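Each of the two complexes below includes subunit A, the first together with subunit B, the second together with subunit C.
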Partner chain A sequence: MRARWTLRTVVLAYLGILIGLPVVFLVLKAFGHGFGAFWGEVTQTDALSALKLSLIIAAVAVPINTVVGVGAALLIARHDFIGKRIFDTIFDVPVAISPIIIGVSLVLAYSRIGWFGAPLARWGLNVLFTPLGVALATMSVSLPYVLRSIVPVLTEIGQDQEHAARTLGAGRLRIFWNVTLPSIRWAVLYGVTLTIARTLGEFGAVLVVSGNITGVTQTLPIYIYDSWDQRFDVLGSYSGALVLALISVAVLSILAVLRRRERKLLVDFA
Partner chain B sequence: MSISLSHLTKHYGKTNAVNDVSAEIGHGSLTAILGPSGSGKSTLLKLISGLERPDEGTVVIDGDDVTKVDPRHRDIGFCFQHYAPFRHMNVAKNVAFGLKVRRRPAKEIDARVDELLALVKLEGKAKSYPSQLSGGERQRMALARALAIEPRVLLLDEPFGALDAVVRAELRHWLKELHGQIHVTTVLVTHDQQEAMEVADQLIVMRSGRVVQSGNPLSLYESPATDFVHEFLGPSTMFQGQVTRPHDLELVSVYQGTVKGRITSIVSLGFEAQVTVELSDGTTTWVQLSRNEISTMGLRVALLVGVRRREDDV
Partner chain C sequence: MGGGGTLIVAYLSIIVILPIAAMVSHGFSISIGTKGAWFEFWRWHVAFGFRTFWDAVTAVGARNAILLSLWLSLAVATINAVMGVAIAWVLVRDRFFGRTFLDSVIDLPFALPTIVAGVVLLAIYGPDSPIHVDLFETWMGLMLALLFVTLPFSVRSVQPVLASLDLDSEAAARTLGAGTVRTFVSVVLPSLWPSVLAGFGLAFARAIGEFGSISLIAGGIPRTTTASYYIFNLTSGFLWTDAAAVSTALLVISLIVLVSANVFSRRFQRRLL
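And now, the complex of A and B:
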């Protein structure tokens, strides 16, 4: 009994030191000059445009990565092909290595003298220091989440339902929409939530490729960093951070609910 | 509809799952493909369904060569070993799936689903989800779903494998009755010889990817082509270097027997008993006798007896 309480206290204290206290201070500081000041900071032009860019990037990156993730998961779980292991592993690269490396690699590939960059520049398409580059960096770091959420579920449920549908006369598209997708829907949503969280929060890779142009390529995390480090606008930084934190909390809450539903669905059938 | 398989071969890597299999499955028959695990029986069923393509050979259903036809166009009903219910659809939607794919009018679908649910005795379960059904109910739902499209052929992979003994026996009788009602050509795969003998009117016995023997259950039981079939289809023992059914042997007095021996054990199993005899030629055999025979002959362990084949069998 006592051991359990000791363990709980230790764990709670650890969480408190790592997460609780910093968040409490963030809230206190953000509202340090009253709600009005906070609101003023949050609604300034630069802050709003950073928030807007972050949301737009998420709106582009999340659907694309979801479609790619579902497709790749089906390839990995349902098909055999040469180089499958390498294909599988490549998807993990973005989360296995530091985002800053992704950023630097993108700069090397897409700068005006880079491999892709040079021909693209001739076509009048610039990637670096544009919202397009920011989107690419974000998509890259958030690539594997949907895939990794789905593959274990696809493997677990097996192919019998799909085969049954096929013998009943269903074509590939119908099997995907009516049989496969409904059985992995919670896993897809789980992956999407993780992708959203990562997309909104990405800092390192985006910082390198964006060139940090206020009002053009500045996402919310970079705005926070910029206010704090470059413009000595600490209140702006705290306020922006609180907004980002609130969005993340909302996303995490949805995630917690989905997790419960998914587990319930699996347990139901065991 | 009849099925005709000729020279079917299927490799997985280096293993020969099905090796030059030819068989004829008669119209309206209930055929069991019987064999131990790894004999290629499930693969053979998948080849008939089209879920696997043969490396060589042809599958002809009702005169049509369907070897290269996708399973979705073969008009087959396939029941999977674990039933493969669509977990997110209720029973009625599961059963209706094949009809929806065929774009039948909603009214016709509803009527057909009601009819099928009555046929498989699941009338009250239309709105239940597969997770709320028992194993036997899931099996019957899977059958209704497969039958909905009025398949030319019904294929069942280990249909009773995952059920407990009581439900198994019930479902076997029920399946036999159902087959009597609808006469659809049915092929089922099983490793259980008792199940096969009880349900099927034709047997195809497989071993290591090949058909060892096929025919009606009684003829296979009475005149098995090989020792393997003999041993697989029922109790068997060795007598004078030959595989024999233990109920085809009898115990007599020492002088009347072909070979004499000493009883080493008597195991009583209710009405019948297994009597093990150590023979004078150094081998051991066992004889199946009724309880009555044991008591009238006064058989006991260590008694010297003669063993011979029963007269009607010689």
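And now, the complex of A and C:
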């Protein structure tokens, strides 16, 4: 009985020091000068333009990665082809390595000094210090979430219904819309939620390519960093961080609801 | 694979494969032009290109940064391996008010953007710490940030395995006179340790490349410059060749860690990479 109490105390103390207290103090600091000051920070021009860019980038990256994720999941779960294992593994590479590496690699491929820099420059395209680079970096780091959410569900439900639909004369598109998609819809939503979370929160990869230009390439996470590190606006940093933290809590709640509907969805997704 | 498959492969090439190939090649590049026969070019390229890479990776700053990342990640993965088992145990076996809430708190470091994790820790352990614990620009601060972001890996790897364990053999051990500790070490731990090691691998791999959560608390002094922070410094100074070389080294370290963790964990059917 004493062992149980000791263990419980140690665990609670560890989680308190590591997660509980820091989160409580973030809230206290963000509202330290009253709600008005917090609201003023959140609604100032630079913060709003950062939020706007973050939302635009998400609006580009999330649909693309959702379509790619669903397509790739169908290929992996329903087809056999040469190089399938490599194909599968490549999706995880961007989240398995340092985001800084993603940023560096994109610059060395598509900026003026990169492999494809010269031909792209002729088209007026460059990834360094541009929103295009921010979008590419974000697309890269949010690549695998939809795929990883769907594949276990696709494998679990099997192909019986799809075969039945084909026997009844349904075409491939019709089978997808009427048979496959309804059975994976919660998994797709789960993956999309994760993709949105990562898209809004990505920092390292974006920082390398963005050059941190206020109003042009500054996303919300970069704004939080910039407020602390360059502009010494600590309250701005705390306030922005609290906004993103609240979004994260909302994301976690959505994920919990979706997990209750679909048991195959994993808790550990990073 | 069909047309859709081709499009997906093209997309993967654009956002993952080609950039990494370009980066690795850039890390081994030479900036001087070479004339003569093609074999002459390749001889120069291989000899001096490797020199470029080696010089960048063995520079004092780079070496210190990589070593700092390695030992921090090792320490963090070890501490969280132990705490992960303890936390998982409490979540699975203990019953008390607020346990479900505690269970959802574990996922918070996963969901929080890394820069937010950094700011959250600075709110209490930063220069204007309300409890007078200032870990700004210290390795303790880095360690705290890495413990924070890797905790879910350590807990969530162990938790399902612990939950699926058969309680009968533990009861049998107790009947035969084994105490709590003995039962844990001889009955529970043997079936648990592969998952503990898997969590260790994931936490290590995450910690070695982590940037966002430590970018503020590190402050930018050499003593707290980790590998990823060092690469970021190089890119700020437009030293792209050096950045590519050190990135390539870090990439290789990460892949070695993940592949060995993956080979190990395949035995109990859990994919990591």
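Brief remarks follow.
Keep in mind that, in the parts below, the second predicted complex is superposed on the first by the 251 of 270 C-alpha atoms of A that agree within 3 Å, B and C clash if a C-alpha of one lies under 4 Å from a C-alpha of the other, contacts with A are read in each partner's own complex, and residues count from 1 in each chain.
Everything below uses one rule, namely that a contact is a pair of C-beta atoms (placed from the backbone, for glycine too) under 8 Å apart; a residue touches a chain by one contact, two chains touch by 3 or more.
Bear in mind the structure is a predicted one, so any value in this text is a computation, not a measurement.
When the two complexes are overlaid, the chain among subunit B and subunit C that reaches more residues of subunit A is C.
Within the superposed three-chain model, A:V93 lies in touch with subunit C and out of touch with subunit B [touch as defined at top]. Of the two partner chains, neither subunit B nor subunit C is touched by A:W39.
Of the two partner chains placed by superposition, only subunit C is touched by A:L200; subunit B is not.
By the touch criterion stated above, A:H163 is placed in contact with subunit B alone, subunit C being left untouched.
Within the superposed three-chain model, A:W177 lies out of touch with both subunit B and subunit C [touch as defined at top]. According to the touch criterion, the shared surface of subunit A, contacted by subunit B in one complex and subunit C in the other, consists of residues 268-269.
Residues 1, 4-5, 7-9, 11-12, 15-23, 25-26, 83, 86-87, 89-90, 94, 96, 102, 104-116, 119-125, 128, 130, 144, 147-148, 151-153, 156-157, 180, 205-206, 208-212, 215-216, 227-228, 231-232, 235, 240, 243-244, 247, 250-251, 254-255, 258, 273 of subunit C touch subunit A in their complex. Taken together, the subunit A residues at the contact with subunit B in this complex read 157, 160-161, 163-171, 174, 178-179, 182-183, 268-269.
The touching residues of subunit B, when paired with subunit A in their complex, are 49-51, 70-74, 76-78, 80, 82, 84-88, 97-98, 101-102, 130-131, 142, 145-146, 148-149. Contact residues on subunit A toward subunit C in their complex (touch as defined above): 3-4, 7-8, 10-12, 14-15, 18-23, 25-26, 28-29, 64, 68, 71-72, 75, 79, 81, 87, 89-94, 96-110, 113-116, 136, 139-140, 143, 197, 200-204, 207-208, 221, 224-225, 228-229, 234, 237-238, 241, 244-245, 248-249, 251-252, 255-256, 267-270.
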